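Chain nomenclature is as follows: A, B and C, assigned in order of appearance, with residue numbering initiated at 1 for each chain independently.
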Amino acid sequence: MSQRHEAPARPRWLRMLGLSTLILFGVGAYLALAVSPPDVNQGQLIRMMYAHVSVAWVSFVAVIVTALYGMAFLWRGRPVDDARAVANAEIATFFAALTLVSGMTYSKPTLNTWWTWDAKLTLTALMFALLVGYFVVRGLIDDPTRRGRVSAVIGVIVAVSLPFNYLAAAWFRTLHPTLSVAVTGVTMAPIMLVVLLFNVGVAALVYLTFVSERVRIARLEHARLETRERREGDTPGEVVRV
Amino acid sequence: MSGLGAGLAADVAADVAADVAAVVTIARKDLLQEVRSRAVTVATLFFSAVTLVMMAFAMGQDAELLRRSAPGVLWVALAFAGVITAAQSYQSDLEEGAFDQLLLYPVPRASVFLGKLLANWLFLLALGLLMTPVTLVLYGAPAGPSAWLLPVTLMLGTLGFAVVATFYAALTANLQAREALLPVLMFPVVVPVLLGAVRSSEALIGLQNTVLAGGWLQLLAAFDLVYFVACTAVFHLVVEE
Amino acid sequence: MRAVASVGVRAGVRADLRAGASEAARSPHALDRETCGGATSASATTASATSASATTAPATDRQRRGATDAALAVRLDGIAKRFGRELVLRDLRLEMAAGKIAVLKGSNGAGKTTLLRVLATRLRPTRGRGWVFGYELQRQGDEVRRRIGLVSALGGNYPVLTARENLRLAATLSGLENADLDGALAGVGLTDVADTLVRTYSSGMKKRLGLARLLLLDPPLWLMDEPYAALDENGKALLDDVLAAARGRDRTVVMASHELERSARFADAVLELAGGSLRRSGP
């Protein structure tokens, strides 16, 4: 018989963060869509690049942070570290998916193909597959401690795989020199660089907002679970002596 | 004081020797089991043969295409064989609770991993050595002058597959996950092995670019080293409950 | 005066083996001397050695808790185990002296196997701590495993190996030199089939092999999960003898079983696991 819980309100700093992220996202979108001049080569399509590059960078950072928090969990055993690792993995997966979609949307008009074996895109695809594996395995383990430890191991492997997969994908491409458009070419006007960096910053803010909220929720879930478990295991057992 | 140091060194050396002996014991057990039951041998031989033949049919009309695809097909078949081998290597342990017993002995977890890895690797290597001439014949690929690279490639490539497969198979076996999960988890990790092994194997079809092959072999070696160390170090975390 | 290598606990084993003969070192007395009270030279030097090896911890831990605790074969303090939403073990507290035989009873699914696996360090408890001969289950697993033997419900054998090979494997991996495989096999009546594959065995024979393994390794603490199940009358009589002998040799036994009448003959206590709680029932 569970009672309905009123979830504690979001703390003020988090609400402010979320709000500013939203506002700045709007600014960034405006910059990308209106302020930035069309590219010399790619025309209006360059605007996709701002979204594509920013989520790509943040997803890779998030994967590394996932691995780091996983290691922290292995070292200190605090559930909050595992929660942080999961939050990072979630945003990494989401942003990796966005990277892939935006990459494909990008290449279709420019290169007339849905998929190029571009090194970074291939790496992102592999990373996405690995992250899916991370969540599948998590779903198979009930015990929170064991789940945290196994996840940490997988998280570290995902991070370690990045350089190898990138090298492999890059060398693979040199053997298949299909047309690839330089995303940030020499012809990028300074204003475009500014817009790009601004949008990267926005992506980073989205990341921070999401991770903070996600960890907050995880903490609440954990606390609720603890009170329920404590209620269940309340009666201390008698000492049996043999 | 030096007596103390000598005593310490002797202790460490003896410990290492004992661990290595445990690795060999476990590898021998796995290989002996395979020799007797032939479960993996049959499965992998059959599967590899089917893969080679089916792919040959699929690409057969163009002799040149067939020849050039030989290394690729060979290594894809070996990758799947790696999955079968590793998955099976834990099945016989789990069947009657022998794995629990295995983990009870005063043997470090890493030795259990290394023992299974050794057995799986040797098996895959043998399979690769067998399949290479078969592929050569089937795909009309004459071994080029740089064919001496092939054994090296086979050793490094199969080791890469074996390390990752043995590691992840422990994970899925312990989780009682569906067997289909193993390739899903493994393959994004071993892409560098696949690519590196295929490119180096192009010595098979007479491409004489040993420099390029050498580069890929270095990637393979680096991969093998890094994952060997990493998986050995964290194995104990994936087998405990 | 040998400093124990910081490589870890196995150095302690090696010191044991070098100090005494191969099997004698694993005899009850040497092990009891080392674990209870820390009187041997190995433990004495560990207490003073600077290394942070695992063997220093139990010495100081035991000294803190006092001599009585050191004689405990098993101590559980608030052990709980949750599987998903179900709390299978709740706050178990047990203090079992060395050389005692306890029979664990409970209906199917009550958690007997779970408890045995926790003691065998195969399962990590959700909460609580446990000690076997003073070594903590979670932190000193290696030391605990050296001192326990498990007879699991499944048998723990490799089907594609023979009985002899199974035992030889156990002996080799446990560091036993010149183990008496024939003796162990004869002791459980498997001499005739010693060299046929376990795959051909009946379940009773597989259980006997598991028992043979336990007798061969002869650890101080025996964890047995339904050892009578699948045994025929001869097998059960054999197990009776083994357990009677265990009491004579100071072995500690925790045995999950439904055969309460038989085991009542030599059990020091019958423990009941019900609703996740442990209670003493009977003598």
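One rule holds for everything that comes next: contacts are C-beta pairs under 8 Å (C-beta built on N, C-alpha and C of every residue); 3 or more make two chains touch, one makes a residue touch a chain.
These numbers were taken from a predicted model, which means no experiment stands behind them.
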| item | value |
| --- | --- |
| Chain pair with the higher count of C-beta pairs in contact (A-B, B-C) | B-C |
| Geometric centre: closest chain by C-alpha means | B |
| Of all other chains, the one whose Cα centre sits farthest from chain B | C |
| Rounded Å distance between chain A and chain C, as computed from the means of their C-alpha atoms | 47 |
| Separation of chain B from chain C, taking each centre as the mean of its C-alpha atoms, in whole Å | 36 |
| Length of the line joining the C-alpha centres of chain A and chain B, rounded to whole Å | 32 |
| Touching two or more other chains - residues of chain A | 143, 146 |
| Junction residues of chain C - those touching two or more other chains | 124 |
| Multi-chain contact residues (two or more partners), chain B | 240-241 |
| Contacting residues of chain A [partner chain B, same complex] | 74, 126-127, 129-130, 132-133, 136-137, 140-141, 143, 146, 149-150, 152-153, 156-157, 160-161, 164-165, 167-169, 171-172, 175 |
| Footprint of chain B on chain C - complex, ascending | 2-5, 7-11, 13-15, 117, 120-124, 142, 145-146, 148-150, 152-161, 165, 169-170, 172-175, 197-198, 206, 213 |
| Residues of chain B that touch chain A when the two form their complex | 171, 175-177, 181, 184-185, 187-189, 191-192, 195-196, 199, 215-216, 219, 222-223, 226-227, 230, 234, 237-238, 240-241 |
| Chain A to chain C touching residues, read off their complex | 142-143, 145-146, 229, 232-233, 235-242 |
| Touching residues (chain side chain C, partner chain A) in the complex | 78, 80, 82-84, 87, 90-97, 100, 102, 124, 126-127, 268-269, 271, 277-280 |
